[in-house]
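Below are two complexes that have subunit A in common, paired first with subunit B and then with subunit C.
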Partner chain A sequence: MVFPTIHISCPCADSISITPKPAKKKSRSHKAAEEEESEEEERFDPRSARSNFSLFPLESLLYCEDCNQIRCPRCVHDEIVCYFCPSCLFEVPSSAIKSDGNRCTRNCFSCPICFASLVVASTRDDQSGPYVLLCPHCHWSSSEIGIEFEKPTSITTQLAQKLKTVSTPSVTPAPSAPSDSYFPTISITPTISLPPNDAPRAPPTTAEMYQRLKVHYASQRASTGTDEFGSSNALSRLIGLYSSTSLTVGGPKPRSFSGGSGISKPLIGRDRKSEWSEMDHTLEIQNEDTTIAQLRKQGFAGTTSTAQRLNQGVPGPLFTQDVRPLAVLLRTKRSKRCRACRHILVKPESKVTTTRFRIKLVAMNYIPSLSISRLDPGSVSYNSLTPLTTHQFLLTVTNPLFDAINVTLATPQRTPGRFGTTVTILCPDFEVGANSDIWDEALGTGDAATGGKNTRKGKKTGNTGTVWDAGRNWTTVVIEIVPPLLPSEYTTDEAGGKDSPTEDDYLVQVPVSVRVEYETDVEREDGLGKEVKERREHTYWSVLGLGRIGKFGAPTTPLAVGTGGPVDVLGALGPSGVGLGRSSTYNVAKVGSSPPIVAGMVGMGVAGGLGKRNLK
Partner chain B sequence: MATTTSGNSYRLPPRTSSLNPPLSPGITPARQAQLSSSSYSHHTEDPLIFEIGSRLLRAGFAGESAPRCVLEWSNEVFWCREGIVWTGGASTTRDEDGRGGGELWRGDLRSVELGVVEDVVERGVRMAYNKYLLLDSKLKRVMIVTPPLLPTAVLTSLLKSLFVHFQMPGIMLLSAPTMATLSAGTRSALVLDLGWEESTATAIYELRPVGQPHRTRRAGRLLRDFWRDLLLTSTTTSSSSTPKKPKIPNTQLDDIISRLAWCRKHTHPPTPTADDSTPIALPHPISTRLPFSALADPTEKCFFAPTTVPSSSPDYPDDDDLALPRLVYEALRGVPVDVRAACMQRIIIVGGASQVVGLKRRIIDEVRLLVEREGWHRPGGRRRSGAPQPPTPPPPPPEEEQGGQEKEVSYEWRQEDRGGALSPGSPRGGLEKGLRPAGTPRVRGLESMGAWVGASLVAGMKGRGTVELEREKFLQAVAGGGTGLPVGY
Partner chain C sequence: MPPKQTKGEYIETDTGNKVSRKSVILGSQNIILGGKTIIQADCTIRGDLRRTVAPGQQSGNVAIAVGRYCFLSRSSVLRPPGKIARGIYSYYPMKIGDHVFVGEGSVVEAALIGSYVHISKDCVIGKFTIIKDCVRIEEGTVIAPNSVIPSFSVVSGRPGVVVAELPETAVEGLERA
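Right after this comes the complex of A and B.
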């Protein structure tokens, strides 16, 4: 797992959750308890079992302008714009989708072993002769299952023909042309005493078996109640009609699939009613000795893995020698609507090859993005935070809006969970400048709103109540954590029982409530009249994954436990970093061993030196 | 309880003589399926069919021979936080080296967070829609095949998730055993469902469940536990120098079981023959070789041993620990005579663990042996209270004809039946025998295409389940604190 991580919680699960609270809690009309409960509800626990499903990275969130709400993938409705094959980019008309099995019917196949795209390759040196489907990744070839193609085009139709001859000795017959040889294993053999002497005959495939069942039930329904069911299904009645009239021809032939007909036909003549009966040719459970013998021979390597089997359809083959190349699944372009107000949030161009969007309301343009980096890069890895030591991080809030925003951060003193981490945000209330034209500041012209303040703000003292640094549309504050000491460090018992920390307990996840307030111009439809300012605010929970707690005591640094370390940390950083970082503007440079996560268009306060230099 | 029992939503289809024979006592009317049709306007469009189990999700279109996709709930995509590879999630690593894990819910609902069930179902169904079915969700009606003995709370959660997130207009419920019977081509059967948490044996007579399902905890999860023991002991003996046992991830264990598990024949001698000692190499974290015969041991211990837990009286298992042949036998004993006569020759074995090679045949053979040995009248006198079975005269005479000739007799009967039915001159004879098989019923297993295919058949014929839920009513009922399901479900 890569740290740091930043997720934003979409509250949609709460709003749609309609499960009432357990009656017990409600009836207990303790005021104090209720208050406590409501207070409890306002907190967000990143460790709760459901939080995994409501947390999303900012990039995958949308924003509904009408509801003024973020919309996660769960609270939007998808509508399909077009279907296409991801391999050949051929757009498939929606009428052909279902009958083709949602798969490409041209030459696109993926490997049944490793799922990479197969290529059509020649088996000869002169690029002629029989062709095979070859996997460029794992070198699986369709010749392994005995399939070669005469021509390199229209592979799908060729493959369908080959598979008919390979898999079943008899070509899959239409349901209207049955023959006795078609149902070889149906004959009721005494299952215990006699060995199956005609076992090698292949049992019917799934599709054949299904077809037989379907015809059976259709004929049943047609024969039992034509008056009853009326004209509900003319086709099945027609099938039933054929199967029952063919009985008069005589011989065992029609019995092979219309089991009920031999029984119900006479009754129809008598009172036009008959009982439903069971299909005559039910399949008895067979001996699987040959499969066991093959399993013994093939061993583990000769069998298909679960993923391979499930991708092969139902029922999947047990052995790798029975796999088939997979036609590529089609994909879709989808537009997305807000589930509450039905407004369109995302609408892509309907042409397959364009990547543009007509409408695209992503949350990144509406809510401030957070990013995290260490104040002292390089000294401690994110994956082993020393317990009981103060770690300082820089939390940068970047404003995508064209209005200056007021941000209020709130976090619990100790993170939820059995082993809480102590968290302190040194400056929880601050302002972030508007996302004005970047050249205004670079050229030094836009001094009205943002430019002047920034130089005053960026003091980098690390004192409580002051921001660390600020730029045109971003502000950085310091966040301090003290990870707890986990009990497994001093208990040697491996099993540990319930007290031993789980993997979850090792992760430092800090829930931060971000409250944004700003004033914006209200758009007036007529475009006239006085400008009206409207006050808006958002509040959302985000979860900062700051790292994993490591071993205690390995690097016993002399840094004091508590909040007293900024001077030392700065010393470790070096004077050049500080000097350059102060006047840094927008920059995306990565410095040292701790690359900051850049969520959206975010500049990092400390790591800014190189970007500035490159710009000049 | 604000369940909506009146109105059209749970309306029974028209009762007709051919479809609905008079109910005999002990037949529960719930969870049945009717092969009727009605002129509903929705019916112009085929519904979608979801089979939701605790391990798998099958989804596809009605009228097709196989589901379009089979998704495993153990897939980490369904559990992890979006945007990262979440190795430390709350749910994925639950009991990683302990017992269980990788299932959507478990029978012990105290340890299940139903909200998580809703969330995971949403992800699974969304993946099915977006990747395999390629549909806009809200347009289609949906049929859901539910496993037997599904906890009501879980069912409500599943339905709620579907209604809320996908806004289907209506959901129809079908019971898995009945559907499995249909897809075997019969109307009566004993369906043994080897599930994940538990195995259930349900008697189906004329497409109605008879009595309560019998259950045992010998199922997929127990099999995995035995496999884990087998692999761990084999690794420690082969390399005793390393004190720490390697952890085997559940997904890998599942994979190994699905590849290598097999079952001996019931006549097989317990001592391995020379042929069976073929070494089978196992992949990396285990990295050992096991004789081929050892790979059948977990199956043996899990499904056929008298007990699965260490006990002071190893020959007498707990009530929820019946071996599979015994479970089938008890289920057959518990139903009325006529039902038993119809069911004992149509035993259907479905479910995840039934994929173990040779297991189905072994169960059928052992049940047959058990019936031959014990008959239907147990001398101990420990009769089931609810069974309306006459104590002294044993029903259709398998008891009289025990021994070697019995199979031959039954075989003759089938042949005669076939012959009679086949001869064009006597259609009546074939008719009577086909409907009411005279003679000795023989214990016989039938292959079924599974519950999903059964539902596909029903939907393809415009059939309907008796339980049909509408979105608004259901959500109202759930918001009022009810289950949203009709009374008695």
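Right after this comes the complex of A and C.
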């Protein structure tokens, strides 16, 4: 894990407001703000199980202008704009998607062994036929499975024909025993023991289960007939929907791969009837003897890996001699809609190769971005923060808006979790200038000049209540943390005990509530009237991953000071003491080097100094 | 990388390219740098590997074209791809877009690299690879020759396969990188 990390919480998990349309934007936002205020009282816990799913980096968040809300990948709807082959970059019409099994029908194939894209290569020196599909990475060739082509074009159709006629050394019909289908590696482990003949029947394969389900529904449909619920229609429609896709169960390209491979054979049939009977028939054959014989002959080198098998369809072949070149899976371009108000947030251009967007409402352009760096770079690595020592970080808030914003940062004094880290933001309330034109500032005109008041300019003093540094549209404040001493550091044997910290407890994750207030010109839809300033605010939780708690490097320091003791002292004494402690210039800001004024801090200072030295 | 380079380590061109004196640049007449491109020490750029033509025949004399704001980290190699065509081994021009970052020790033999491409360190970009715009290639990736990487991809592994998609903000993210 690379520190520092900054994630922003999308509140969609708490308030899935999939309402058709907010009745009144303004009143709703007010209400939402009130709700949020009440929510703020209950703190955001980055360690709760749900937080995992609501935290995103700012880059992957969108912003709905109508809802004035962050939208994360979970609370947007994806709509496919176009399908294209990632290898030849040709667009595939959506009408052909289903029949082609979501794969490219040009000459795009990926290697069944290493998944690199295959090239058509000649087997002769003079570049004449026959041709093979050759993997440029692992040098797998389709001649290994006995497939060669007469001409280098239209490989797909040629391959389909080949697979119909080719006789692979051993076509093992339904090669996997039913129990192998889900975790197929079991069957090739050396300690495999054959289930005795009277063993209970193994769980059915996916295809088998599908067939059973289908029979079940068919019988149900027959029994219900046309009942008042109209469910039979719905059922038949559903079955119709799936039965066409069920063809793809057996192999990646059912239409063209028909017959050749033993895997897809059972599922292929012009009419559904034959497909049924063949299916039932082949599943009964579980000739393990041939599989074992083949395994003896080929060894483990001849078997496929799980990834290779899964890529070949369900159930995949057990031996590398049964693999087939895979037509490349298609990719999509997608537009995204807000789930709540259905407005489009992202709309890419439909042309495959362009990277432009017609609509792109990303959160980066609406909410201030945070960045973290250490105040004393290089002294301590993020991966081993010394416990019980004050670590100072610079938190920079950058404003993407064209209006100056007021930012209020809030953080719990102790981070949630069993071993809380004490956090202090030295200047929680500050202003960030507007994201005006750089030239405005340079030329001394415009808002930026007024925004960049001298008082706001950074003095890098780090006193309480003042910002560390500020620029055109960014402001930096100091954030201090005191990581706790984890019990494992002073207890030697208590492994697995209740108090022993888990991996998560070592992480310093600081939840910070960022509240943004600003006044902006209201965009009037009628285009008339005087300029109206609207006051807007936005609050979001972010989680700063500041690092990992390291070893407590100084055994001579008084360990009797509990985690709570000095932390409280520091918290009560507050940043004034800390500020004094840091009055020395910041690049030599070793806590131990400055005259500490609190008894508790003496120990910590020494500890910090020693710790650093030990770490070096 | 030390924070401050010793003075005079870089040669700055009129268009703002900064080329380390310790880099190895062969066939510089066949190399085009778009401007504001930085080439660090120990980089190798093989501009001398260009299309073999029959004597007397004029061919395009650009072997490597690099766009603006590119960054070639230490010990990276740019080599035009070559193959046998009509019995002669010939090299083909390599084109690199803007805002392309090539990490330390990476070897690039691509035919085309779009804009906003981030190649992490210790990667191998195989011959005649085409990388479209907005792609991130993770550390240690080996991209097989003749591969095509579509836009907004994250590529990883040996051989490199697309493992994830980049968000819509990829351009902004890769511009700064």
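Everything that follows uses one rule, which is that the second predicted complex is superposed on the first by the 380 of 616 C-alpha atoms of A that agree within 3 Å, B and C clash if a C-alpha of one lies under 4 Å from a C-alpha of the other, contacts with A are read in each partner's own complex, and residues count from 1 in each chain.
Simple rule for what comes next: a residue touches a chain if its C-beta (ideal position, glycine included) is under 8 Å from a C-beta of that chain, and two chains touch if they have at least 3 such contacts.
All of these numbers come straight from a predicted model, not from anything done at the bench.
If you stack the two complexes on chain A, which partner ends up touching A:S60: first (subunit B), second (subunit C), both, or neither?
both
Classify the contacts of A:S99 with the two partner chains as first (subunit B alone), second (subunit C alone), both, or neither.
In the superposition, A:S99 contacts neither subunit B nor subunit C.
If you count the residues of subunit A that each partner touches, which comes out higher, subunit B or subunit C?
Looking at subunit A, the partner in contact with more of its residues is B.
Thinking of the overlay built on chain A, is A:V119 touched by subunit B (first), by subunit C (second), by both, or by neither?
second
Thinking of the overlay built on chain A, is A:P136 touched by subunit B (first), by subunit C (second), by both, or by neither?
A:P136 contacts subunit C only, not subunit B.
Check whether A:L213 is in contact with subunit B, with subunit C, with both or with neither, and answer first, second, both or neither.
First partner only, subunit B.
Let me test your reading of the model: by the given contact rule, A:Q413 touches which partner, first (subunit B), second (subunit C), both or neither?
In the superposition, A:Q413 contacts neither subunit B nor subunit C.
Output check: A:T303 vs subunit B and subunit C. Expected answer is one of first, second, both, neither. What do you get?
Only subunit B is touched by A:T303; subunit C is not.
Check subunit A for residues that touch subunit B in one structure and subunit C in the other, and list them.
Correct list for subunit A: 59-60.
Under the touch definition given earlier, write down the residues of subunit A that touch subunit C in their complex.
Listed in rising order, the residues are 59-60, 62, 84, 86-89, 114-117, 119, 135-138, 331, 346, 348, 352-353, 355, 357, 360, 362, 364.
Using the touch definition up top, name the residues of subunit C that touch subunit A in the complex.
Touch residues, subunit C against subunit A: 116, 126, 132-134, 142, 144-153, 158-162, 167-173.
With touch defined as at the start, can you tell me which subunit B residues reach subunit A in the complex?
16-19, 35-37, 39, 58, 61, 63-68, 70-72, 79-91, 93, 113, 115-116, 119-120, 122-123, 126, 129-138, 160, 164-165, 167, 182-188, 251, 254-256, 258-260, 262, 265, 275-276, 278, 280-283, 292, 346, 349, 357-358, 360-361, 364-365, 368, 407-408, 411, 414-415, 418, 421-422, 424, 427-428, 430-431, 434-435, 444-447, 449-450, 452-453, 456-457, 460-462, 475, 478-481
Flag every residue of subunit A that touches subunit B in the complex, lowest number first.
Counting only subunit A, the residues touching subunit B are 1-2, 5, 7, 13, 16-20, 23, 47-53, 55-57, 59-60, 73-74, 77-80, 83, 97-98, 101-102, 188, 190-193, 206-207, 209-214, 216-218, 221, 224-225, 228-229, 232-233, 236, 250-252, 255, 259, 262-263, 265-267, 273-289, 291-292, 295-296, 299-301, 303-306, 309-310, 313-314, 318, 329-330, 332, 334, 502-504, 506-507, 545.
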